[in-house]
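Right after this note come the structures.
Heads up, the next two complexes both have subunit A, just with different partners, subunit B and then subunit C.
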Partner chain A sequence: MNVIQAVKLYVSKMIEDSGPGMKVLLMDKETISFVSMVYAQSEVLQKEVYLFELIGNRNREMMKHLRAICFVRPTEENIELLKEELTIPKYGVYFIYFSNVISKSDVKTLAEADAQEVVREVQEFYGDYLAISPHAFSLSVSNCSRHSNWKSDALKRTCEGLTAVLLSLKKCPMIRYQNSSEMAKKLAETIKQTISRDTSLFDFRRTDVSPLLLILDRRSDAVTPLLNQWTYQAMVHELLGIKNNRIDLSGVPGISKELQEVVLSSEQDDFYAQNLYNNFGEIGAKIKELMDEFQKKSQSQKKIESIADMKAFVENYPQFKKMSGTVSKHVTVVGELSRIVGLHNLLEVSEVEQELACQTDHNEALKRIKELLNKDKIRNLDACRLVALYGLRYENHSNSNFVGLMDALRKRGVNSDDLHLVRKIVEYGGERSRGGDLFGQENTIAKTKRFFKGLKGVENIYTQHTPKVQDTLDQLLKSKLKEGAYPYVSSSQLKERPQDVIVFVIGGITYEETLAIYNINKATPGVRIIIGGTTVHNFQSFKEEVSSGS
Partner chain B sequence: MTSLLGRAEDASVQEGFLCPVCLQNCDSILQLQWHVESTHNTGILKSHVKDFFGKAKRFIRSGVDTDRLDGSLSHSQEHLDRGISDDGDSYIGSDPFQWENDLGHERSHWEYFLTRRSQTIDKVVVESNKLLLRLDKLVKQGPPWSDQNKRKAFEKKIVPWVEDSSSKFCRFCQEKFTLTNRKHHCRLCGKLLCNKCSFYMTYSYCECVLNPTPSNIEASKKEPTDEEIAHALRVCKDCYDLMENHKSRVQEETSKPMVVQLYEKISEVMEMVQKIIPDYNDVVECLQNAGENYTLEDANTRRSKILKMFDMIDSLSKKILTLQPKDKATNSATTVALYRRIRANVVRFLQETSLELKPLPSEEDLKRWKDERRTRRLEEERKARAQEESKQKPKSSPVRTLTQEALKMVPKTHGDEKVGKGWTPSSIDQASVAAMTDDPLLQQMNIISGYLNQALQDGKWDEANVLEENLKLLQREYREQEKRKNAAVAGFYE
Partner chain C sequence: MATRSLTEAYVLMRNNSARNRHSYSEYGSQEVAEDRVALVNKNAADYYDGSNSTAVTIPPDWVDSVEEINYDITRIQEKMKELSLLHDKHLNRPTLDDNMEEEHAIEIATQEITQMFHRCQRSIRGIGNKNKGGSRQETKVAKNVMSSLATQVQDLSIKFRKSQSAYLKRMQGREERSKQFFDNHLNLQEDSAIMTEENMDEDLIFDRGFTDDQMQEVQQNTQLIEQREREVSHIVQSISDLNEIFRDLANMVVEQGTVLDRIDYNVEHTTTKVQEGLKQLQKAQKYQKKNRKMLVIIILTVILIFLIILFITTKF
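Presenting the complex of A and B:
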């Protein structure tokens, strides 16, 4: 059930099969990102893969002495490019791997183009997705809906990506979906059809308990992508943006050239892997620890009290940089995060956000939002998300002052597009479209839970919120998930408690949710859960998803 | 893409021979070798084996990626994690970062591709062979022609020309044939085409197609003379492509570019190094046990052989760097990148393998080991004698002599093991080990190899085996760690 390993094994197999000699990896724009998530350049270099090329680049040099490993998606465009490539081959031999199912007629086209007999292998290897963590994947499909319905190319790509996940993990699952979502139903049925159309492909050794695919819709929880985050990975994505494990730091004031873009990969960066899910404070402490240790060695007396000190320290001690190149990278990232947090009063904003999401005191919440809206330091972006949160939370409250808050936004000078967007978010994730209990108001069990939570005292006010998917899976694992709300797509049902679960969220997941799934895995014996989505959101990308989707 | 590749160079290639332990830059592989041996030689260390084992294990367990250390270990771990352990209520779940799986599903289209391809290929091969036969006749029996009409008649005899009336249009440009746009025949297939769409094959080019020897290839590269152009064969694009493909294919089969020759040599030597290193290490080990199968000379010759190979790999890869890309004008950036990365990989190989190489023992070492071995053997003999004596005279005068023997044995840290105390290595200076390096893994490795040497010297084979296994485990982890470190620094693809 480890998706990173699944893709990695495919790539290793390709390299192995191509035999000894100098090699070039020929990929398309998507597969190059799939591979880069699981393999570092230096790692493949050791296996004699010296070059990486895009198949779309027609100006490649002729290098007949290289063996080409070609890993591409089976798109029309790629078939055409491959056909051209084989007619006038640039490399000595070709090993061709498609990341998904390819039609017989396309194979025929290629065979006929290969008059020079340079092809040595044609296979399907289903590494057709971005493996983010061992238990999380994304399909890089943004803005998948229009008028609350699938865009047809997005549905096709999502279906392909999801079946590739199943094939790479050798799972032929039972499928459940969120009944309130037309899109979830549609996807569930399409997957079911794909499987039954090609049953031989999905003919795996039966396990005692059939695996389960649970398809959800982002609309059932629009709150999670609105919140500011405080665990490392989630926070970096929210404030700086992670794209294929890369972070663009070129906008950071006074950044040095080699740090303008940094790679954060849990596969290759130990510090990152260990601190992925630690919160901001803990990471600061960890870095400080490392530096103290180094200071002891270098007998320096300078005190490190703040993150600014840390940055100065790294700059002054080139040896330290050398010793722990990765740590200096993280110092920069953490430094930038803390600058942004301070600049925009994010702690204060987050406190109110969490209160909105987790507490029930309407008047207090309203008062605090109003206070924040009056402060200049607060970004318009955060002002919008607060009002959107308020809208989602108290849209039907008797004293709801949503209109008043919208007015306040307008007075702040928020442009009309963004004002419109706030309304759209409330519409997107509102009670009518979510069709489930998001805030735990109706459910008495949830109420008592909340009550106990309150008694225990909150450990960290900034991380009180738990995403809804955690509750949903809780119920699923207790076999309490209602059939009516989450029906099976076929007549057969799972009698036992599920063991291997794949959760897929249409409209994208968040890093907060991958953390939640990680925690469930760690806390629950005998269960393995992975989560995936059309994409991974922060507030910015979620805004776009909503505005194109409604 | 080129910009992507360009940037990778800055980050990924750390040129030179950096010591993997302290990052000191050494100028040549030999110097690095010497540096590693003199500076990072395994010291003699102090602590108890058990104590240290606990530490090592704890260290390994706390690492994130234990699964990569040892499949079976993590497997049982995973079982435990998934709650299949039998200690009742302490059930916990599993860490996704330790999940393992096999290669995913795969589906091959190779068979189908092959049948489809051979159908196409057959046609091409038949056609191409036919044309080659014709070309052969045209060239061998043809020139030089002085009379164009005679030539035409000859060419028509070899290749039947289609009727002029068979088509009104050129099949390539679709233009109508007229008085000015005359009809022409391809000399290889005999079909019609217009002047614009004609290709010409000079005789030296034809020779090269028919028989691509180096001299013919050279000749065909020359700028053709006016006379040659006048006598060139008019052909259509289809025929020209077929002949050109045939030519380049035969050429590729017969000639190897310089970089490939060098690269193959490097790979070959690398493979040899990997074979000979265990052999050398065995010899050194044998010497350490004061075995008599090998002499210091044996070790020395093997070692200098390895070092010579290192040198060879080094200079071969440097030679690759100096190669000039054939096509200087166009984007040779890729070729340059290729050469640089080959070099980077070679440097990494040299660094890693020189770590595996055991240091060469000195004469004094050898003497010391021999002495130790001799005293050990003497004692064993004495012990054996004692045992025999005690067997022979079970009751009469045994007690005194036995205890005496036992007493003599005690200071040599030997016989007391039988009493149940077990064996522990003696003085090992942990502080000195710690001073050498910051990496806890390396420290542990140094400590272990110190223990291992002692165990071997003391003839404690069981302990030595355990130690050796542990050392291997640590080495593997260290390599993984290095790999990841490199990876993190290098970034990916750009």
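Presenting the complex of A and C:
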């Protein structure tokens, strides 16, 4: 149950299968990011793949001495491009791998175009998703809904992506979905249909406890993407934006040219792998440690007087060079994060956000929001967040002053689009559409739990909030998840405690949730959970998702 | 990791379609009048057009050197194994007789490996030179090949250097130990000499110098030390030789974990480059169309004609 490993295996297998000799890897715009997420170029170069090309690139040259590995999604466009490619082949032999199920008629089209018989293999390799970390994946489908229902192409892509995940992990799961969401039900049924259409494909060795696919809807927890984050990965995504593990730093003042775009990948960067779930304070300390170590090293590098020094230098030079790259990268990123935090008073904002999400004191919260709204240093973006959070939290409170806060926003000069959006978010994640108990108000057990938590005091006021998916999974693992709220698609039910769980969130996941899953996996031996979503959100992308969705 | 192979179905369909095409073309030729059939099939002509110059279809020259380098790399690995065996033997099982032969073998092996490293480096460099006239994509392939080979050679050279310096350290350690031993030995003798000296005359002590035995021992020691020093300097030489290779290769290796090591970044980068090139080309075209020089010439001619007319009309 490791999605990065799964995609890696696919890629290395297709390279291996094509035999010795120089190779070119042909991909489309989507598969190139799937591959880039798991393999660095230098790693693939070691496997004799010396050229990387997009299949849509028409000015490729004729190079008959290369073997071509095509890894593409089975879309109409790609079939057309492949057909053209095979009529006038540019490379010696072709090995074609589709990232998903392809129809017989498409295979026939290709076979007819292949008059020169250059194709050796045609296979389906189900690496059809972005593997973000070992336990998290994304389909990079943004804005998947319209009027609270699926866009048809988004549904198709999501279904394909999700079945690819199942196939690559060799799981034929029972499916449960969130009853309050029409979209979840639709997706669950579509997946079920796809599986029953291709039963031979999903015929894996039976395990004692059958795996479980749990389909949720973002609407049930609109709070999580609204919050400012303080763990490294989540924070970078919230403030700078991570796109396929790449971060665009070109907007940072005084940035040097080679750091305008950096890669944060836990596969190739040990420091990042160790610290992506640490919070901002810990990161500061870790960076300090790294710097000290680096300085010690660089001092020893400076004095090269004797042969022994020279020898030591050359021996350690590659590590030194790698380390200096890592240090400058992380120092830049963390420096930029702390600049943004200071500039926009994010600590203060976040404190109120967390209070809103986790505490119950309405008057206090309202007072503090009003205070913050009067400050100039606060970004309009954060002001909107706060009001939206307030709206979600105290929607039905007797003294709710949502309208007053909206007025305050207007006075701040927030443009009407954003004002509209705040209303939309409240509508999107409001009680009517979420159909679950997000803040633990009705449930007495949740109330007492929170009471005890309050007595103990919180460890860190900036990370009090736990995403709802964590509670849902806790209940699931205790077999307490209610059948009514999360029904099965088929009639059969899981009696035992589930072991392998794949959670899919329609409308996107957040890095806070991947952290939650990571913690559950670590805390409960014998349970393996993977979370995925149509995309990975920060507030910015969530805003777009909401505004296009309604 | 589920997969599904469609190759069989594909091949079946391909054969079917080939058969169809064949029979279809036979039927076709019967219908068309004989003299109207082209000697060379149009499609076939297209195909040759597509792969126009033969230079493109034949692999570039440097492909051979890639194989050579790969062979060299495996040879280096073998040799390194041999060398480390020799090192172990030399250090762990010292023989009492003069073990020059062993040392000689080590020396030769070390030199051979260093030479092979040199050769690899030269050949990698050679790929770049041979490819000078190559097209854009060929250059890209060559660059990637170079970087991949350089990474391999660099890793190997690091390994080699580590084993060399480990050997060096152990050698030096042994030397120091032996020095200590010999120094003590001399002191002991001196001590005993002093003991006996007391009975002798004072001027005798200064005159006496070393005994023959001691002289021989000193000579042996110096010989031993010289020999060690030679060995050490050989190794140092090979290390500094490798230094050079190393610096050279480091330029070709792309550091892992940087954006330059991302597949998608590199591909995007080339496409933007191509687009930029296109823009430049369009600009150039525009400039050419404008053709300012021509405009200036025309204006000047017009002015000239006007002036001549003016000149003629005023004169007459």
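Everything that follows uses one rule, which is that the second predicted complex is superposed on the first by the 520 of 550 C-alpha atoms of A that agree within 3 Å, B and C clash if a C-alpha of one lies under 4 Å from a C-alpha of the other, contacts with A are read in each partner's own complex, and residues count from 1 in each chain.
Going forward, contacts are C-beta pairs under 8 Å (C-beta built on N, C-alpha and C of every residue); 3 or more make two chains touch, one makes a residue touch a chain.
A quick note: this is a predicted structure, and the numbers were derived from the prediction, not measured.
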Fit-or-clash call for subunit B and subunit C when the two complexes are aligned on subunit A: clash
Which of subunit B and subunit C A:Tyr10 touches, first, second, both or neither: both
Which superposed partner A:Lys170 touches (first subunit B, second subunit C, both, neither): both
Subunit B versus subunit C as contact partner of A:Thr524, first or second or both or neither: first
First (subunit B), second (subunit C), both or neither touched by A:Ser36: both
Subunit B versus subunit C as contact partner of A:Met1, first or second or both or neither: first
Partner chain in contact with A:Glu289 - subunit B first, subunit C second, else both or neither: neither
Intersection of subunit A interface sets (partners subunit B, subunit C): 6, 9-10, 13, 22, 32, 36, 39-43, 45-46, 48, 50-54, 57, 59-61, 63-66, 101-102, 104, 107-108, 110-112, 114-117, 119, 121-126, 167-168, 170, 201, 204, 258, 261-263, 265, 268-269, 322, 325-326
Subunit A residues within the subunit C interface of the complex: 6, 9-10, 13, 22, 24-25, 32-33, 35-36, 39-46, 48, 50-54, 57, 59-66, 88, 101-102, 104, 107-108, 110-112, 114-117, 119-126, 167-168, 170, 201, 204, 244, 246, 258, 261-263, 265, 268-269, 307, 310-311, 314-315, 317-318, 321-322, 325-326, 329
Residues of subunit A that touch subunit B when the two form their complex: 1-2, 5-6, 9-10, 13, 20-22, 32, 36, 39-43, 45-46, 48, 50-54, 57, 59-61, 63-66, 92, 101-102, 104, 107-108, 110-112, 114-117, 119, 121-127, 133-135, 167-170, 201, 204, 245, 258, 261-263, 265-270, 273-274, 297, 322-323, 325-326, 518, 520-528, 530
List of subunit B residues in touch with subunit A within their complex: 1, 4-5, 8, 10-12, 23, 64-65, 81-84, 91-97, 99-110, 112-114, 116-117, 120-121, 124, 245, 249, 252, 256-257, 259-260, 263, 267, 327, 330-332, 334-335, 337-338, 341-342, 344-345, 348, 438, 481, 483-494
Residues of subunit C defined as touching subunit A within the complex: 1-7, 9-11, 13-14, 16-18, 21, 46-47, 50-51, 56-60, 63, 66, 135-138, 140-141, 144-145, 147-148, 151-152, 154, 158, 161-162, 165, 236, 239-240, 242-243, 246, 250, 253-267, 271, 274
